[in-house]
Amino acid sequence: MIRPSEVLFGFLDEDAKKEIRRALLKAVALPGYIVPFASREMPIARGWGTGGLQVSLSIITEKDTLKVIDQGCDGSVNAVNIRDFISSVTGVPETEDTTKASIIQTRHRVPEHQLTEGQIIVYQVPYPEVLDSVEPDTARQKEMHANNDYAKLWVLLYEDTSQFGDSRMASGYPVAVNDHYVMDPSPIPKFDIAKLNNSQALHLFGAGREKRIYAIPPYTKVAPLTFNDRPFQVEQFPGKACERCGCRDVFLDEVHLDDGVHYFCSDTFHCDTVLNTRGEGHAA
Amino acid sequence: MSYVAIKGGAEAIRRSKRFFQEELASAAGISEDALQHGLRFACDRVMGEGALYSEKLAAEAVRRSGGDLLEAAFYLRAHRSTCQRVGEAPILDSSTARILRRISAAFKDVEGGQILGPSCDYVIRLLKTMRRSGAQNAWPDAAQPIFVPSALNFLREANRVIRLDNTEKSPFDITRFSPLPPYPRSAVMQTMARGETGSLLAFAYTSMRGYGDVHPTIGDLRLATAPLYFTHPFTGKQVQIGEMRLTACETAGSFQRDRRDGKVRLSVGYGFCFGYNETKAIAMSILDLAMSHATFSVGKHNLAANPEMIIHHVDGIASMGFTNHFKLPHYVTFQADLQVFRQAEQHDQAK
Amino acid sequence: MLLELEAVSKIFGASCGACLDLTGEPGAICPDCGSVVAVNRVNLKVAEGEVLGVVGESGSGKSTLLQLIYQDQPVTAGRIFFNGITNQEGKRQDILTLPATHKARLRNRDMSMIYQNPHRGLNFNFSAGGNIAEKILDTNERSYDTIRSRALHFFTKIEMPPTRLDDYPDAFSGGQQQRIQIAKALSSSPRLLLLDEPTTGLDVSVQARILDLIKALQREMGFAMVVVSHDLGVINHLTDLTLVMKSGCLVEYGLTDQILEDPQHPYTQLLVSSKL
C-alpha cells in the first residue's frame, strides 16, 4: 500500500497536471477535437485506464468525491483497483452513489442516473481516433478531421447496412459532436449514446496509451452517425427485466449460469437504489 | 443466486496479489550483486526499455517481477514518471566513450583494432558445459582505458557519408510532448531507444529479408562507458555527475545520391541503448537506416521504413499493457456485439 | 465558360526560378537546375457540355494537366477558374485560393475523374456499390434508400446486373472495373468529367463499348469532359475540340476534325501521320 506521505497529492507532479489541464481546456474549447498530450507512465498498465486515470488525477481536489465503475459496476476488479489507487494518493472520499460523486471515472458505461451540472465523468479510452478503422495514417486523419471529411466512415456504414441491415459497430459508435468533429465515445454501448446528447455534465475522455484527450462540454449536441431513413438501433432486452430489482428500461447484463440465462442491471448502484427505494432490499 | 460474485473485487484482488508475491518469495534471497552482475543483460534490457538508467532499481525490478522483463521495465517506467525533470544533459558522444568491446564487420582491421571484449558470440550453446564458479562477477576495466573513434569516422571525415538535415533546435522530449507527423528524427530515435528489444528486432528483421532492401554492414558496434555531464545550477559550469554504460551501433547501408549536392555517398544508421544490448542497438540502427534513407527500392511503404508504423508499435510498455487489457471484463461491449450479431442473423433470415 | 486555366504550370523538383523560360517545346528538363517542367503556362477554356481532347506522347504533361485540374497535384503557378466559384464581391475566384474544404467540395461534387488504373479510382476494400455510394455521400446525401437506389441506377446504366452491386472490385474484369469507375464518377451528377486514358490497356472490343457508353451518357447528362489520351482513335471518337501538348507546352488547339485532317504544327503532323 502506498502511504500518502510518500507521493505527491494526485501522484502526478504539478508540471504533468498542468500540461494535462491545458490539454483538457483545449479539448473543452473544441468539442470532440482530439488533443495530444505527453501521457505519463502510471503504476497501472497501459490499456488499463491510464488515460482516464491521468485526467482524474489532474482535475481532482480535496473537495471532490470519487466514484469509479467498470462495466457499470463499482465492485468490478479494475474499478476497485483504480479507486483504491486514486484514494491512496489523494485521500478523497469514495462513493458508489452516482448522485453524490463529483468525479466519476468509468469504463464502458454511462451511469443510468442522469448526470447533473457540476459533475464530471471521465472515460477510459482504448481507441481515441474514430478514423482508425478507415485511415491509419495520422497526418491524413488530421486532414480529414479539419476538412470535416467523414465520407469513408459513411461508406463503412453504407457497406454494413447493405450487407447486414445495420452497422456492425456495437460499442464505441461514432458520434458527431456539435455538428462538427466526429469522435469515438469510448466503448460504451449504443444504449448510452443518448445520454451524451445535451448532457448537463462535463464529459472528459482520456487515452493514455495513445496519448490523446478529448471532451464534450455540458449542453453539447451529440448525435450518432446514422442515415436519416434508418433509425439508430440501441440494445434491447424485450421481455427481460433485472431479476434483482425488476427494472426494464436499463442496460442489462446477460449472465449464463448452471440453471440458464439470467439478466441483471449492469449499473449496480442504480439497481441498489431501486431496491432501497422499494425498501425490500439492501446493497449486496 | 450468485449475483454477489460479480461484486466484491477488493478482497479477491488483495488475495491475488499476495498469492503472486508468495509464489515469487524465493527471489528475495537473490543477492543484489547476483542480479546486477549475474543477470546483467536482463537488468540492462530493463534499464533501456524502462528508460531509466539505474542498475540498482533495474535489479530490484527484475526481482519484483520474477524475471518477467516487460513487467520489470514497466516498474522502471512507472517510477520514472514520479521523478521531476531537472533539465537536459549535454550530448553524449558514444564515439569518444571508454571501450569495453568494439568490433567492425566492415573492415578487417580498423584504427584501434577489433576489440572482442566479453561476448557470447562464439560460445558453444551446450547446457551441460555450464560450470559453477565462485569467480568475481563484475567485469574488470581494462588496465588502460581504451578510446577509439567509430570505425566509420574516416569516411565521414572524407565527406563520404550522407549527413541528414538537422532542423531541430533541441531534441524532442517524448516524455513531455506527444510527437505528431512529420515525426522529428529525435522523437523516433528516443522511441526506439526505449523500445522493446523483440519488437525492434522483428521490424528490423522484416527489412532484412524481403520487406525492404536494407543490406546492412555493421560499421561499428561498441559496448562502452561514457561520462555524463550536467550544468551545475549555481556555478553554471559543466560537471561530471556519473558514468553510463551503453551500446552503440553504426550501420552502413547502400550508397545513394545525396539530395543536397547530387553526389553519391554512403547511408548510415545509428542505434543506441542503455547498458549492454547488442541486438537492440543493431536492430535500431537498421530501422534508422530504413526510415532515414527510404528512397528508391526501399520505399516509404515498407513496415520498417515507415515512422508511423515504428513509432506506434515498438513500445513494450504500451503494447504489453494493451494486449493484457483484453483480460479485463468486456461483458458490456460483448453484450452489445451479440445484439448486433443477432440483428445481422435476423437480417439474413429475412432475405 | 465552365473551366478556365490561365498560365497554369507544374514544375517537379526545386526550381531555379527560370525553368519556365529555359524550357519549352524542344525539352521539358531545365538545363540550369534539372527540374522537370511538366506543364508550362497552359491556357485553356472548356464550355459547359463541351468535350475537349488532350493528346501528346507520354511525358508530354497531359496527365499532369488533368491532375492539376482535379487538385490531385498542387499547381506550381497559374490560376484556375470554375463557373460559379466567386468571392464575396461576386467576382470569379481562382479555385487554387479556396479553403481546403471548398476545394474538396468542388472536387467531390462538381468534378469527377476516371483514372487509367482502376486501383486509383476505386477503393478495393469497398464493394462496387460502396464505391459509388462514396461519391454520392460526398454530395451530402444522407438517406440510405436514396443512396442505394442511385448507386443501383448508375450501376445498371453501365450495363451491369443489379445482383453484382455488393461484389468487390477485384471480382470484376478490367473493363468492368472501368465501368464501375464511370458509374462512380457520374453518380454525383458532375458538371465536369476528367478522363485519363480511360480505355488504355483494354482490348479493342471492350474499348469500343466503353467509349460508346461514355458518349451516350455524356449526351444524356450533358456534362463537359476533358479526355486525355495518346490514342487519336479515342480522341476522334469522343471529342469536339482537341489540344496538342509537347514537353509541357500547348502546341496546337482547334476542332478535332480539323486537327486530325489538317494538322498545322509539325509535331501534330508527326503524331497524326504516325497513327497506324
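Letters A, B and C mark the chains in the order given here, with residues in each chain numbered from 1 onward.
Note that in this section a contact is a pair of C-beta atoms (placed from the backbone, for glycine too) under 8 Å apart; a residue touches a chain by one contact, two chains touch by 3 or more.
Every value quoted in this text rests on a predicted model; they were computed, and no experiment measured them.
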item	value
Most remote chain, CA-based centroid, reference being chain B	C
Contact pairs, highest-scoring chain pair	A-B
Length of the line joining the C-alpha centres of chain B and chain C, rounded to whole Å	49
Centre-of-Cα separation between chain B and chain A, whole angstrom	33
Touching residues on chain A, where the partner in the complex is chain C	143, 146-149, 151-152, 154-155, 158-159, 161-163, 227-230
In the complex, chain C residues that touch chain A	100-101, 104, 108, 123, 126-127, 129-131, 133-134, 137-138, 142-148, 165-166
Complex interface listing, chain A residues touching chain B	7-8, 11-13, 15-16, 19, 36-43, 45-48, 50, 70-81, 84, 107-109, 126, 136-139, 142, 164-172, 187-191, 209, 211-212, 233, 235-236, 243-244, 251-255, 257, 262, 264, 266, 268, 284
Residue ranges of chain B touching chain A (in the complex, touch as defined)	1-4, 6-10, 12-13, 74, 77-78, 80-82, 84-85, 174-178, 180-182, 308, 317-318, 320-325, 328-333, 335-340, 343-344, 346-348, 350
